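Heads up, the next two complexes both have chain A, just with different partners, chain B and then chain C.
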Partner chain A sequence: MPESVVFFAEVVVGGLMAGVMYSLVALGFVLIFKASGVFNFAQGVLALFAALTLVGIMTGTVPLLLTEYEFLAMPAAVAILLTAAVMIGLAYLIEFSVLRRLVNQEPIILFMATIGLAFVLEGVGDTLWGSNVKVLDIGIPNGNFEIGGMLLREFDLFAAATAAVLVIVLAVVFQKTKVGRALRAVADDHQAALSVGIPLKTIWIIVWSVSGFVALVAGIMWGTKSGVQFSLSLIALKALPVLILGGFTSVPGAILGGLIIGVGEKLAEVYIGPFIGGAIENWFAYMIALVFLFFRPQGLFGEKIIERV
Partner chain B sequence: MLYREAGQFKNSYGKDQAIFPIRQDRVVAIVFILLALALPAVLHDDYWYNAILIPFLVFSLAALGLNILTGYAGQISLGTGGFMAVGAYACYKLTTAFPELNIIVVFLTSGLFAAAVGVVFGLPSLRIKGFYLAVATLAAQFFLIWLFNRVPWFYNNQPSGTIQSPPREMFGVQVIGAAAAPEFRYLIALVIVVIIALATKNLVRGRIGRSWMAIRDMDIAAEIIGIRPLQTKLVAFAISSYVVGVAGAMYFAVHLGAAETIAFDINLSFRVLFMVILGGLGSILGSFMGAAFIVLLPILLTNLFVGGLGTAPATAKHVEFIVFGSLIIFFLIVEPGGLARLWQIGKEKLRLWPFPY
Partner chain C sequence: MTEQQDTGNGVILETENIFLSFGGVKAIRGVSFDILKGEVRAIIGPNGAGKTSMLNCINGFYHPQEGTITYKGEKRKQMRPHAAAAQGIARTFQNVALFRGMTTLDNIMTGRLLKMKGSFLGEAFSFLTEACYVGPARKKEMEHREYAEYIIDFLEIQQIRKTPVGRLPYGLQKRVELGRALAAEPDLLLLDEPMAGMNVEEKEDMSRFVLDVNDEFGTTIALIEHDMGVVMDISDRVVVLDHGEKIGDGTPDEVRDNQDVIDAYLGVSHD
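Let's turn to the complex of A and B:
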């Protein structure tokens, strides 16, 4: 193959892999939006919080005191389970202290509440586990290998596989189970769902737990890639264009949107970037999303909204 | 007893259309403005001006601008920081290109640039609604900041990439720039804020304001009764961005004195949005209350934790985050209508006082 083609393919594959990472974050957003109509801005911070907790448990850190004890250090598998338990506890806490009290409020009020939540979680995470940059290593393979002249990273493939499994499981749960139907009913209308006997509390705890778990997965992937630190919470901003591109309510949309954004961003950075001064990654994704929205205002797979007076 | 409009008859159209139809409101507003104008005569503490009063005025104006768009026209925007940056850089370019131009004229003109940019980024609002639009406005935020960082022309090729507010005089005293006394910077901010706030108050109760609210409440229904959605939304974007742009110009020239693009990042957008929501969507007074709350709260918390309890600054910062976030959630739960709604409830109670109902 000529070199430019290989290079192009490498950029595309790199973009796809970056896209998978975006999708992982976007997935958490979609879950909560789909199931409770809440645009959860705290998703990025949830991922940060999960990663911080995971690192803390793995290194045997005592919360608040920040001293490490060797005998408290847990193996990765146990630590992940414990962190998942923490995320479920957190979901319960959020439901109890925030969501329960904001039933049937305007979406923008709920959105602001999640921003407040992001502040709280950030403060709590930093206070409990310290704000220094931490290394996260749970033993994901991290070598390189070559296919047809392209250099690929095992870690990226691992991330892609994880995302695929997550999406399949979530899609099945949403479409085929009773809980999934209840989730969709809640998303449509809180009060109506309550009146037909859907337990709102339970549903919210379930959905926030699941998205807490997705946040944990995203936190592991991003944390392994670039260290666990405050900037991890900013990946939420990376996931937003993915979200509007794919549609707020669509799990496959989050994945496809992530891939499109990832590839588009990388291609633009490599082929357009040098002409207009570089560092366009920050806003280019938003531009792609904006152009898409002109043609499909609900995103690629978003539910078409029929409006009536 | 004190607050009752009984006996105040509106016997002319002029009286019926007054900005403050109730005499007590009018008196309070005028007294308040006069007191604010007289403040520099008695208060000479730089800290008060630089840390509290000037930021309060500037942020009130920004919140006012965003409130037009989000509170009255119902279009959520997260691009406030970007539009403020447009105002700031326009102000810098204008005043360095035409040094003899009156600084108030410069402020008011730089808003026009922000308005133009706002219209461009408001165009998608016809097709996109709700949170999709909110995310789309983030495109403006990131793109504009990137642009001001990348093109040296905007900061006159300064090697540091910073824009500095140059010394400018009015009536023989320096009003902006490094050597300007905080009293005069406060006064210039106050005058602009009062003028724009009154103009906005006037605007939102007229035809334009009503068409915004119709679009906000139900855009399809508004369209059916003959309100043109594109024009209405674009006018909202233009006027909102204009006010936000003037606020940005003052944020840079009056409050900060020197600024880099980092000052206008996404956090600024969120701060202003907080002010609007906590103050009250669709309320002019609410913008001021929200701004006061968000400006004062961190100062209070820092003083409390670092000054009062002697906590280490780093820990205090984290605790501040927690308290700040919890307070926002608390307020949303207690009164989703914002501080302005609380004020309104208080006024209703005052009308009946001393009777419960």
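Let's turn to the complex of A and C:
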């Protein structure tokens, strides 16, 4: 293969891998949006919180005191299970202290609540686990290998495989099960959902637990890649263009959106960047999203917006 | 009226001395009435009389400050809507509350959620089989699907099975909403203005469906309606509310001749 083709392929693959990481974050948003019509601003912070908790448990750190004890340190698998339990507990807490009091409110009010939640959670994470940058290593392979002249990272493949499994499971659950139908019903109309006997409370706990779990996966991947630090909560913003592209209500859309953004970004950076001085990567995603909004505001896979006048 | 005698005088629901207020606004002031098993009970009254508030109390959206509601012989004061649904109370809404993004079929299937096995939390175990959509879960889904198709046939909406309901004309949306309520196989069906905004033909269709439901499924129906012609035609008994109070109760003929009712509708001033 000519070198330029290999280089192009490498850029594309690199973009795809970056896209997978965006998708993981976007997934969490889609889940909550599907079930409550709310854009959950706290999703990025959830990922951060999950990663912080995971690192804390793995290193045997005592929350608040921030001293590490060797005998408290857990193996990765146990720590992940414990962290998942913490995220479910958090879902209960959020339902009880926030959502329950806002039933039947406008989405914008719930949105405001999630902004508040984001900052509270960030503060709590800081207090509990300390604000220094932490290393997260749960033993994901981290070597390189070569296919057809392209250099690939094992970690990227691992992330992609994880995302694929996650998406398949979530898509099936949403499309085929009773819980999935109930979730869609709640997203469409709280009142009608209640009248057919769907317990809002339970549904919300399920949704926030699941998106807490997705946040945990995202937190692990991002934490492993770039260390567990508070800027992790900002990756949430990168998920926005992904959501606009994929549609706020579509799990497969979140994935495809993430991939398109990832590849688009990398290609633009490499091939257009040099002509206008680089650093395109930071804003290119938003521009794609903006252009996309003009032509297909509901996203690639989003439910069509039908409004009767 | 004849049906009343057919079904004996089993009372399915009784409200006693209900008071409901929002801040200073007294929506319902001491209303008592009963609904007999198998009858079509109409609730009428001018705008703001407290009719919808009454329905909302019955299915647990509102909790009255005073008074009791006895359903199937059991007194209850506070009940959550999903609990009411679980006990066989289904309803439709004044301004159509459908799941707009879903198809007609999916909407009606949603009405069957409660009939599907297990509570939401207890589902954790069957979750895996269900997630894979195999085995017993698949068979269950087929059974529910069959019932949904039966409802669709019954309401003559086969041609819109796969249409997202947001795209349907208003009259059909109302019919789908009725279908979703029926899918739960309710014992008591609450219809909030099922014919509002319909033309004469659609009203006739809907009246026929209401009567058919009552006949064929034996469902007890409580409905709010403004069209007096319809009310007089299809209901066994009528309760009349005005300004949150009950001013009349009886057969359509009795109510028609009631002076208070005539005054309320013609707008005689309240002292």
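Some notes on this structure:
Definition applied: the second predicted complex is superposed on the first by the 309 of 309 C-alpha atoms of A that agree within 3 Å, B and C clash if a C-alpha of one lies under 4 Å from a C-alpha of the other, contacts with A are read in each partner's own complex, and residues count from 1 in each chain.
Simple rule for what comes next: a residue touches a chain if its C-beta (ideal position, glycine included) is under 8 Å from a C-beta of that chain, and two chains touch if they have at least 3 such contacts.
The shown structure was predicted, so the numbers you read here are calculated from the model rather than taken from an experiment.
Once the two complexes are laid over each other on the shared chain, residue contacts for A:Ala85 go to neither chain B nor chain C. Taking chain A as the reference chain, the count of touched residues is higher for B when chain B and chain C are set side by side.
By the touch criterion stated above, A:Val135 is placed in contact with neither chain B nor chain C. In the overlay built on the shared chain, the residue A:Ala164 is in contact with neither chain B nor chain C.
In the superposition on chain A, A:Leu102 contacts chain B only, with no contact to chain C. Of the two partner chains placed around the shared chain by superposition, chain B is the only one that A:Asp126 touches, whereas chain C remains out of contact. In the superposition on chain A, A:Ala77 makes contact with neither chain B nor chain C.
Common to the chain B and chain C contact sets on chain A are residues 307-308. Interface residues of chain C facing chain A in the complex, by the touch rule stated above, are 59, 61, 80-82, 85-86, 90-91, 93, 97-102, 106, 109-111, 113-114, 116, 120-121, 123, 127, 130-133, 137, 164, 166-167, 170, 180-181, 184.
Those residues of chain A lying in contact with chain B across their complex are 39, 97-98, 101-102, 105-109, 111-113, 115-124, 126-127, 131, 237, 240-241, 243-244, 248, 276-277, 279-280, 282-283, 286-287, 289-290, 293-294, 297-299, 307-309.
Against chain C, the residues of chain A that register as touching in their complex are 169, 172-173, 176-179, 181-182, 184-185, 187-189, 191-200, 202-203, 206, 249, 303-304, 306-308. Within the complex formed with chain A, the chain B residues making contact are 70, 76, 124, 127-132, 134-136, 138-139, 142-143, 145-146, 149-151, 218, 220-221, 224, 266, 270, 273-274, 277, 281, 314-315, 318-329, 332-333, 336.
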